[in-house]
């Protein structure tokens, strides 16, 4: 468990997502990293119905990660993240009169996992309802626990792998947590931020297409 | 007349059969007692007794039954007495009686008690009659007194013992149903646990002032802030560290 | 991805049914009961384990009458006070069942969670309904769990300490429970046998909670 | 015994047989002589002949034996060594191979002695001046001071307590003594790393560095000084810190050694946030600059450090 940065890797015009993913993976393998299996991060969204007293309508996002298989991350749209046992899914079902699952909202990032020294790389292609949405690359530096300490180090690594354009993005979320101890919940928040961006992009595209 | 004779005949056969049953039971019991006394145990003894007594019962039932003509009305008359051994008789009685003579007949066909016994009965009768009614009354009262006394003593003892044993089994009360109910109601429904100020708002329909209240530093909000600070400190130990 | 919960549900291995018997013991005789439990349960050679928890019950109410309120019980250990472990417990309505079943049965989800659960539930729309403290002893025999605990009313909301609590009654609550996957009815018989061994000190019974609310 | 050739053994057997024969012949002579002579006049010639014959056989036997024994030579070469030869004579102990092991050990110690003398010669040529032994008064004081490894526990505690107090802002130092007098010092440096030092008296005997999320306590709750960090960075730093303990080692002023090591260790608080002073990069082979200069405390990569010198 270390500090994680999740980067959005744009797919240039005229290239398929798979080609770009292959390119990144090749780059990672050239560095000397070793393939260590697959990973998956998924997210489901629950929307509050109108019937809750004295509370604005909230959204609950339930995320799972293959890196923490027994846990479940519930993130509210206020940013509060609850880490719980995987059994929390059962509790959400008990709340189905109040929070309904949005149809087709399930979005996930899936792909290869690599290890290189104390780094872990994950190249994931994002899909929602089996539609390809984009690429997310996760870089984890395990020995460090404070994001602020290793930000520049991470930047250097991402520059060498993904190019400086991608490395310049920095999650607004990470900026707020520079001196605190980093937790897997923070990783999930980053994923959620990217997932929401993808969803927004789709809705904008749809609007434009109309 | 003939009908009655037939009836008598059949009932006699019945009785003989029953008596034979009793005899067999007795014989087998005696046999056991004599030969198996070493291995004989109490339950089998009781079984044998029960067998005999049931046989006796069925015999008396037969005797009391409607179909049997009143045997009392029949007279048994010894027609022939002879001092010679009678082979037929010996065969009938399985060798217990060899002759029907003057010696055995009074014993076997007796309808009245023996004379000595009769005398004794008469003696007791005269003695009872000789006591005056006053005296008898006195003695009766005395006896009643003594028995009632003994009864009292027995009753008082019984009460004492009952109390003793009750105390032993019941012990002092170790659990109370009402307290159980209070506790269970408290943990399952929060009965008696809600604070006085919260009770009306939280457990009944919402009041319009609720919105305002959530902005004020109400007790729940206070708790929130204290928790917020613990997040910073507590997040060091992540509750689900993965190796 | 198939998450672990749905896999658990499918294979019916997720523990989600609680079998429960309840009773109480007057404080004066509690030590006798503890002694007997220590002999009956596992780890007889060790001192009985103690626990001290703070439970906050949160309720989510709908605006309309059709929506049944949902209760979440948030519990944290006060025992190492600096590093409490939190969990959420959801309890379904308990079924009394017929005479053939010896215990109360109710749905039960125990979910361990991070320490910001109170904030999370508040933001979700849950409101605090009531809270209390539980302190007592904990035994286990196989998968049966026995707790002997006192319930304390909170005089003030917030962080509990010795001054802000008062005991509900002069008795300790005794609970015998097993949380198991659905459909394992034979557990109830084991529990009945165990409860028999505690008589006449404690009468562990299935107590109808609906009946109590009417009283 | 065991290492004699079969040929020699055969000859030994022969010699033994000859000795036996010589003995029996000599006894025969004496027997005859003791029996006395009767009828000397008649048979004197015959008797003399007989005696002559036996004596000559004795003579030949003797010369045979002498010839045989000359080929045998001295019994064993080890006969001149001390009591240990007795072990080899005992036939039962011969089976347990104690003696051969003993010989091996002797060889080893010899070899070691030899090599140690070489080493000492080499070291003399290339002297490190770590311990300033100069003026007369100073050496006198030093001679009285005890060896660094036998400082009493109280002295060590005083030193450690002062360190705990001095650095409480930057690092959290705790001391346990799981096995009596030897102190195990655990240092938590910011949120960067944890280090463990094992002291014998005031000598640093063992160093281990781990990540902030890792623990020095094993599953049984006891202090585990052996297991390494699961991260390569800290495995590397463990090596560097071990090297540094040797550098700072000062047997005459052990407290200075510990203090300076801890001051140096503090420079690792910027492990992940400082780039290498040589190449200006953060990463080299996936590792941050793991080396800190022993004097300037500047950060270098392991390879950059070599190039600097």
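Per-chain residue numbering starts at 1, and chain names A, B, C and D are given in the order in which the chains are listed.
Keep in mind that, in the parts below, contacts are C-beta pairs under 8 Å (C-beta built on N, C-alpha and C of every residue); 3 or more make two chains touch, one makes a residue touch a chain.
Just so we're on the same page, UniProt names per chain: A = Mediator of RNA polymerase II transcription subunit 20; B = Mediator of RNA polymerase II transcription subunit 8; C = Mediator of RNA polymerase II transcription subunit 18; D = Mediator of RNA polymerase II transcription subunit 27.
Note that the structure is a prediction, hence the values are computed from the model and not measured.
Chain nearest the geometric middle of the protein is C, using mean C-alpha positions.
Of the two interfaces, B-C and A-D, the higher number of touching C-beta pairs belongs to B-C. The geometric centre of chain C is 63 Å away from that of chain D, both derived from CA atoms. With centres set at the average Cα position, the gap from chain B to chain C is 47 Å. Note: centroid distance chain A to chain D, computed from Cα atoms, is 57 Å. Averaging C-alpha coordinates per chain places the centre of chain A 37 Å away from that of chain C.
In chain A, the positions touching at least two other chains are 1, 53-54, 70, 83, 181.
Residue positions 112-114, 116, 119, 127 of chain C each touch two or more of the other chains. In chain B, the residues that touch at least two other chains are 235, 238-241. The part of chain A that touches chain D in the complex is made up of residues 1, 32, 116-119, 141-146, 148-150, 152-153, 156-157, 160, 181.
Contact residues of chain C toward chain A in the complex are 1, 3-6, 8-9, 14, 16, 60-64, 67-68, 70, 72, 88, 90, 109-114, 116-117, 119-120, 123-125, 127.
Per the touch definition, chain A reaches chain C in the complex via residues 40, 42, 48, 50-55, 58, 60, 64, 66, 69-70, 72, 74, 76, 78, 80-91, 94-95, 97-99, 108, 110, 185.
Within the complex, the chain D residues that touch chain A are 191-192, 211-213, 229, 231-234, 270-273, 275, 281-283, 285-288. On the side of chain C, the complex with chain B involves touching residues 22-26, 29, 32-33, 55-57, 59, 83-86, 91, 112-116, 118-119, 122, 127-132, 134, 151, 153-154, 156-159, 168-171, 173, 200-203, 207, 209, 212-213, 215.
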